[in-house]
């Protein structure tokens, strides 16, 4: 999923006729000062990062004057923001959204996702806006409505009535109906995986406004969503994950110290589970996929070893279409190119396992090669602990 | 179905980006002269009536000069045009479309209908354009392709390839693909029952142009197609059929001399069939529907009797929700209001039949009231013949 | 036994506070049908003929365990009502409404098929299992529990045929109108299969008419799948091409859908086609007493 | 007996002239599968591994009687290929392609359900009936005719489990990947039913993973409908929430889809859940020799 920044999502909302607060993106405290002057204080300054939970983490501030806006901006910009969703390392804030303040009467939660149960897009909404949906689900599950949409007909009038009723709008509130159907339109037209506005607010003047806006785009649809692809701020992603993507490797950084390299997502997760079962902690998820070449295997090692906390590596390959001997070639290539300074346990099974083992035995580097995955997992945990 | 005139349909085509010849509607020979001057002769003059087969009937002419255009227009305008589709009485031509002449390389038939077999919209197309589709179906059935469209996804690329291949276009002919998908878009967005362009032509310069255009709109969708409703030229319809519609009666004029009034479309047709079986000829189809009142029954008599060829009338009512006594009231009302100058045979069955019969017996008019439908049909045929 | 609806069917009437819905909900209830709920948005708490009214089908189904919907809403609301019923878990829908835009029905049909819902209509008089349940606008008194399964594209022709079948002494198992529109939810083949499986049904009667190819397709299906005797009547032999004969579906277009080819196809499949509508009762009685 | 595919299955490979399609069409044919045709628009007349190539599925199906399609086209063409196969009357579709836009799959699923097509995938290694037919990219040699029906959201985990099942001596009836995407054509329940009915299958193995609620729904179904012994392995207990673990479908979102609740639900339904992936063969052998 490709996440958009709030200010980007709001621009799209606006272009479809959904009201959002007037505001502009600021890259510097000076920008913030100028924008605040133009809008007329008080203004709201919101850190633009690809993670929720900004409010509690100090990423959303009100400034009563333009000078105060500049001051607040200088406090936030360039600093790491650690929220419940960023992980402990946090994300550096490089952009702020400076917006007019709005007189809020009531806050609503509204989102559209792909509902895996019905296999359709579904609206999730709640009159208990402002909180994270997980929180509402935990504390007020009866305050959540789920409304799956038939894609062939779109949102039907009975659903608009049900949503309006549940969210406390008058059934004839045309603006609410317009927002429901328009957000669904954006969801479909932009190939979204998620569209969320939390809160959607009922203003003191009776109108509706999207105070927050989140959009995630289906990365598999980027070939036909070139405009959305351009909005992707890659500085928000983990550099190792981006690097892996280039080589069609699937990589996720975790908090442990045992590097993992496996072919296949399911087997990768099962291998991580096994390491954990034997008392170890995986440092990453790394699926080398069904088309692994010596080059991508070598790249995988490089990415794993970029993480200084890695103490040992487990390679688990079930050779099917991916032949074990080619994986072995890759491993040899890796130790030649990269400084592999931690012990490596290897389990190979399936196609050309024997050939692979003899390749590895000839290598100048000493690998722990095993037949049995359980033994290999135990071994790597032992290696990591003794390293 | 509400038919549009060719010039109306072409305006819609044009608004969606489909090329049509430049041309304007003319209501008088003078109009035709001015338009011909503006376009620059030669021009084509086409009678605008709600019926096909105009070419063979003399409704389409070429004029080499503006004066000739005026001359031709004066020959066609205000005259009745009798084509294979108008019936023998023909339709008076009140409008002409005056268009630039086009250099044609090849003619194609292309239409979209609702395919009752697959219950989906379907494209019907043929490289043998210019002829009526019935003719192609009869003489060159192998030259017709039917391509049902899944409404949830629209026309798919494989269908565009298949159509292009069948119609002799290059698979990369973007203009052809654009026309296929755009006509489908119009079909859906305007709630069409039929959209047809015959011929769609490949011009000498390689571009594609809709030389003819037909559109019929789903009358049940007029509540959301207000623009289309406005285009309906009611002067093209039978006045009796229009009058019947006002009273929610379903009326179709036929060529016989026995007027029919029945409740229900199926029973109406069955009654007509029975009359024919006994040697008679129905003068009309008239379904008074499930909500017949004395007023609508009386109106039905009036409409039937507007046809001077009617010699006798058969009323066949199966009383269910429509009670026979109310129908009898209507018949009494009719003979009071309208000059019923032909004999009337009546068959009543079902709810309150007895009451109805006693009402009819008291009337000053002598009806032939029967229990048996077969006898009633025989009787009305006899009455019509002896009248 | 019977087909689709019976004495345990629990009906919710959508559009119950309208003139038609109101009248017929009462009639159906009088017949003995379990009409347990009505739905009209904004009218929750009211009662119609002793039937409680709800704002939504979801609520109606939850409170009353209604499993079948009978729809009387105006055509522009029909698609919404059908989808609301499906959403609420209703598995059988009878849609009386006439005049639904054809594009709406094309979409509805796709959803109905994907969700496995039985959809009768639109533009139908409904369905009746004689002596058990009536869901529709047909006069109940002409039907009598018996052995003939009847289906029709036309309302009054259904009554005419049922009346004769009842008077012949054979009576009906279940009788229904499949709908007079060009696009309908379930076709003859769907019902022919159910009648073939139903032990109460000894003979099947198809009332067809001009327009479309459904009778021809059904004939083909009957030939290889149906063992019970099948009778048919086809109306519209005198109808001219290109003219809509009342029903939106009754129209001969592009030279297709004429009565003669339908009659021919049915006869070829071994169906007894009755040409004179007044001879239905007599013919069936003769044939069924022989067999 | 077996499920869905067997030695009489006739396969058309869509995208056969691509690198993947070419390689695997040959591999499938080598395994003994009847790969009768390939399709790539514009390549009609060519041959791939002795398999004739056609421009359209319609033509391929007409000329070769292919009844099953195996799809290798790039993701942006996948929806087109699936609908082309359905249009040509193909009733079983195996879609290997990974990375199809989710909105495309939502639409495809509606059509597939309405048309009654069996759709495996997308993002699947395919389906194999050991010793009879292989439709997919799995290494054939690890499967051996036997009694265990296996289904998986993951490819290599399917291989890992099948390898152990084969080595345990039990072997497989039919094994398949249902697909690693969030929206797939057929779910576990669809296949559990078929395995329950299949006489060759004596035990069922479900390989699940984090993401979605499918395992929980399947557990509920198993509890009241399945009599054969069911085994399961769920991967992803160490996966953090909000992160996509390779498969588009393997993601814990909004606190839902974690491994522990899946394991709990399956155990509650009487399923033997194996926690250590390396103990699959051993555990099954023990349990099945007892039973």
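For reference, chains read A, B, C and D in written order, and residue numbers begin at 1 within each chain.
Just so we're on the same page, a contact is a pair of C-beta atoms (placed from the backbone, for glycine too) under 8 Å apart; a residue touches a chain by one contact, two chains touch by 3 or more.
The shown structure was predicted, so the numbers you read here are calculated from the model rather than taken from an experiment.
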item	value
Neighbouring chains common to chain C and chain D, by label	A, B
Chain whose mean Cα position lies farthest from chain C	A
Pair joined by the larger number of C-beta contacts - B-C, B-D	B-C
Averaged-CA centre spacing for the pair chain D and chain A, given as whole angstrom	28
Separation of chain B from chain D, taking each centre as the mean of its C-alpha atoms, in whole Å	52
Centre-of-Cα separation between chain B and chain A, whole angstrom	58
In chain C, residues with contacts to at least two other chains	107, 110-111
Sites on chain B at which at least two other chains make contact	150-152
Chain contact graph, described as a line, ring, star, complete graph or other shape	complete
Residues on chain A engaged by chain B in the complex (per definition of touch)	151-152
Contacting residues of chain C [partner chain D, same complex]	110-111, 113-115
Contact set on chain C toward chain B in their complex	75-76, 99-103, 105-107, 109-110, 137-139, 141-142, 152-160, 163, 180, 182-183, 207, 209-214, 217, 233, 235-240, 242-250, 254-255, 259, 275-279
Residue ranges of chain A touching chain C (in the complex, touch as defined)	150, 152-153, 156-159, 161-162, 165, 171
Chain C partner contacts - residues on chain B that touch it in the complex	1, 85, 114, 116-117, 119-121, 133-134, 137-138, 150-152, 188, 191, 193, 218, 220-221, 223-224, 250, 252, 254, 262-277, 282, 285, 287, 290, 318-321, 349-351, 372-374, 377
